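For reference, the structure discussed in these notes is given below.
Chain lettering (A, B and C) follows the sequence in which the chains are written, and residue indices restart at 1 in each chain.
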Amino acid sequence: MTDATGAEPVQVMEHLVSLTYREPLPPSTVRFGEALIAGRILGQKCPQCGRVFMPPKDFCPLDVIMLGPEHDVEVADRGLVTGFTIITPVRYYGQTKTEPFIYASVLLDGADSTLGGQDITGLPVEQLRMGMRVQAVWKAQADRDWEGMTTRGWGSVGGSIESFTPTGEPDVPREQFLEHII
Amino acid sequence: MSSEPCAIIGIGQTKHSKARVDVSEAGLVREAALRALEDAQLTFKDIDAVVVGKAPDAFEGVMQPELFLADALGASGKPLLRVHTAGSVGGSTVIVGSHLVEAGIHERVLVVAYEKQSDGNAQWGLGGGRGGSIGAGGAFAPFIRAYMERSHAPEYIGWMVAVKDRLNALKNPYAHLRIEDISLEKVKESPMLWDPLHFLESCPSSDGACAMVLTNAAGARSVPNPAWILASAVRSEMGQFPGRDAVRPRAGVECAHDVYERAGITNPRQQIDVAEIYVPFSWYEPMWLEGHDIAELGEGWKMTDRGDTEITGSFPVNPSGGVLSSNPIGASGMLRMAEAALQVRGAAGEHQVDGARVSLGQAYGGNAQYFAMAVMGASLDAVSG
Amino acid sequence: MAPVDIAIVGWSQSSLVSAAPVSEPHLCLQTVTAAIAHSGVGLREIGFTCSGSCDYLSGGPFVFVANLEAAGAWPPISESHVEMDGAWALYEAWVRLQEGDIDTALVFGSGKSSPSDRAQLYPQQMDPYYLAPLGADPDSLAAIQARALIDSGKATERDFAEVVQRSLRNAKSNPNVVQSGDFDIDALLAAGYVNSPLRPHDLPPVTDGAAAVVLATADRARQLTDRPVWIRGIDHRIEPHYPGVRDLTSSPSAALAARKAGIGDGAVDIAEISAVYSPQEIILREALGLGDSVAVNPSGGALAANPVMATGLIRIIEAARRVADGSARRVLAHAAGGQCLQQNLVCIMEAE
């Protein structure tokens, strides 16, 4: 349908918006990031329930109490894959991925909460399985940075740890991690 | 103190599609609202309060759009609430609206839920506005994998649900996806987006709106076939914490038990005639059947396998085609409630389940952490009568 | 059907500062635990929880979900959320309590305004076809409203300055504000305009903060405290969105909400109102019928601290606390949403 001048009516208008948010990292995220650069992974142990949250949040959401640096503990850089998927990326404005990627949850030894969104390298994708024991593949110290440290979520290891890789140890039986799938 | 019963006397929805470029946001919500009002034989003037629900505003790029939609929804001079509970919002919006009636605060409430997600980009939105979005499928795929392993269900169960819901959609003139030649083969061959979910086992991204008119017992006398909200319940739990069973979330189990108890349902499998459940990825059909104690643990997939969940089966699930056929995210939860209500009103047209008198509507959202459920009945005593 | 009597039995505000060093969930957790402690209700006993926040303000889709970690959401809770100021979350909780099957509710509202620039952000809240592309920002819209008020003869720039002087003087006795002090009217008027006819002090200070309130039904409220603050009436109304079709010099929705909330049933001693820009206080005084005998914003109001998404809930708290401490008998609290007072909520509370 055209108007009297023969022009097509406007159906869609494009309105591109860029909003900037500047927020200081919470103190717990700062401590987590500094430790990662130094090659350590921090968790935080709740004095009430004893669970170790990783990354630290400066509170225990299960007991609903505030925590602090005095509750920080170190967790191992090895653990097991509790759940995973392989994502085929779709195009969208701002998309950074072009190839299928693994998205796995890893439960580090000493932690009670899982680390999500990890890549697993060093094995064919078809062999990836729940329960597999894995070890962090660290970036060289000089290459570590604060990437992924935002105020959305509690911090990411991506700036210091590239991926996790199988250790070759026997798989952990399902029953032992049924409640850590994510 | 007892509360006033709440009835649904008008139901409207839009044609759901990938991109409703023929309407603005206002046009989209009005299409559903006007249909609901017409169904109830009312106009905007008869409405006392409006409750709007939708998912994150980043999907359309408008912050708190209910403010600019107040005019389009005839809300000037009225109370307007905006509910936001992620994917379950369409369901929780109905429940918030029903409380306004049950508490005797308003006589006629218009509830509207929508998403015009073609205006933005849903994958970007679901990814928190960053690259590397895993989408909703990426978040749920590990849970689905865990269910498949726990239950030892055969891999074709997901494909069966995908086929069933798309064939049902062919009987629903509003449904987005209309895949006439859908088949198990076609689903199996479709690309893997979020391993182990195939493309055709996943919901589409849709634009759409749904609206309903809620009223009290006196107001319900104006239509011959109101749907009664016999009971409702909501539950939320945190999305990630040590000890969480993300496959069968406790919030889903407790929400179901709460709504069954309030409705007087002791045997949901027998006492519910039809269910509209939020199944955005095929495997969620057996997962929610178990997750809401309709089937025993490990038995949900067998209901699908046996054909129990077909329209003609013993426990029809998603006769409308469900979320797998239309998914305007903010509206989907309300569409479940609306379709469940249509069933007990006998107004579901070609996808009507014969003799449906008690129905279940369910919506979930977030990291499978928010639940909104309602039991609807053709009469106030539909469960026991 | 008689409405169920509901009282406010506990509350808390976070520190209201121009930039909080902690995250929004932290602010929520602090206020939730403090309000719960104040009320004497156990967190796990709460029958229903409702929160208010805004994803776009918080800076991302689904950001409100993280606030659930502050609410004790394990074991699972009966809970909901509105994309509105916590005052509307309180309204939803009040409605829920009317069902009569539960006797307590927890409400909280939160927002950090410091990470964003309101001139950049709030045009997104306007009609996307006609107003957002103009960059219709809140300070400009408020200035248009102020100009309309002056042109109508209802107020002068001096009147605006007097609102500011009174508010910031009142704020001196409130330890929890971003700004306060004694200001000379002529000195205020000597400042240059930021958005004519508005000057810097006519604008709300950027504030981060959260607040929480605990509600209880009658019998439970009396068990918990000798001084329950009864909600006698609560109502909210919205007007058309487009500034061009409204009379910006008046607030019919605030007047209607006040009427429906029962303002006619008795004079109020104190009114805590969400006048985010100084001219709005003049409009609201008229709409709400607040005469000279009513103390308006003894807390300093939103000109002293404006934690968006909690501002309205804090007005309710500031009014309620003055009933609980005996300094007022019957009070009004007001919350606003949208621009130029498009949406208004009025809550009237009273002592036993």
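Following the convention adopted for this analysis, contacts are C-beta pairs under 8 Å (C-beta built on N, C-alpha and C of every residue); 3 or more make two chains touch, one makes a residue touch a chain.
Predicted, not measured: the structure shown is a model, and the values here were computed from it.
*Asks:* Measuring from CA centroids, which chain ends up nearest the centre of the complete protein set?
*Replies:* Smallest offset from the overall C-alpha mean is found for B.
*Asks:* Among all chains, whose Cα centre is located farthest from the one for chain A?
*Replies:* The chain farthest from chain A, judged by C-alpha centres, is C.
*Asks:* Hey, how far is the Cα centre of chain A from the one of chain C, in Å?
*Replies:* So the centre of chain A lies 36 Å away from the centre of chain C.
*Asks:* So, what's the distance in Å between the C-alpha centres of chain C and chain B?
*Replies:* 33
*Asks:* Hey, what residues on chain B touch two or more of the other chains?
*Replies:* 61, 128-129, 238-239, 241, 367
*Asks:* Residues of chain C that contact two or more other chains, please.
*Replies:* 56, 60, 69, 73-74, 121, 124, 128-129, 132
*Asks:* Send over the residues of chain A in touch with two or more other chains.
*Replies:* Within chain A, the residues that touch at least two other chains are 15, 17, 61-62, 152.
*Asks:* Note which residues of chain B are touching chain C in the complex, please.
*Replies:* Contact set of chain B toward chain C: 1-4, 24-25, 55-71, 75-86, 92, 96, 99-100, 102-105, 125-126, 128-129, 233-239, 241, 249-251, 254-255, 258, 366-367, 369.
*Asks:* With touch defined as at the start, can you tell me which chain C residues reach chain A in the complex?
*Replies:* Touch list, chain C to chain A: 19, 21-23, 25-26, 29-30, 32-33, 43, 56, 59-60, 63, 66, 69-74, 112, 114-117, 120-121, 124, 128-129, 132-133.
*Asks:* Please name which positions on chain B make contact with chain A in the complex.
*Replies:* Chain B reaches chain A through residues 21, 61, 121, 123-124, 128-135, 137-138, 141-143, 145-146, 149-150, 191-196, 238-247, 367.
*Asks:* Inside the complex, what are the residues of chain A that reach chain B?
*Replies:* Against chain B, chain A makes touches at 11-12, 15, 17, 51, 53, 61-62, 83-90, 92-97, 101, 103, 105, 112-114, 116-117, 130, 152, 174, 178-182.
*Asks:* Which positions of chain C touch chain B when the two form their complex?
*Replies:* So the residues of chain C in touch with chain B come to 1-4, 54-57, 60-62, 64-65, 68-69, 73-84, 88, 91-92, 95-96, 98-100, 121-122, 124-129, 131-132, 235-242, 252-253, 256, 337-338, 342-343.
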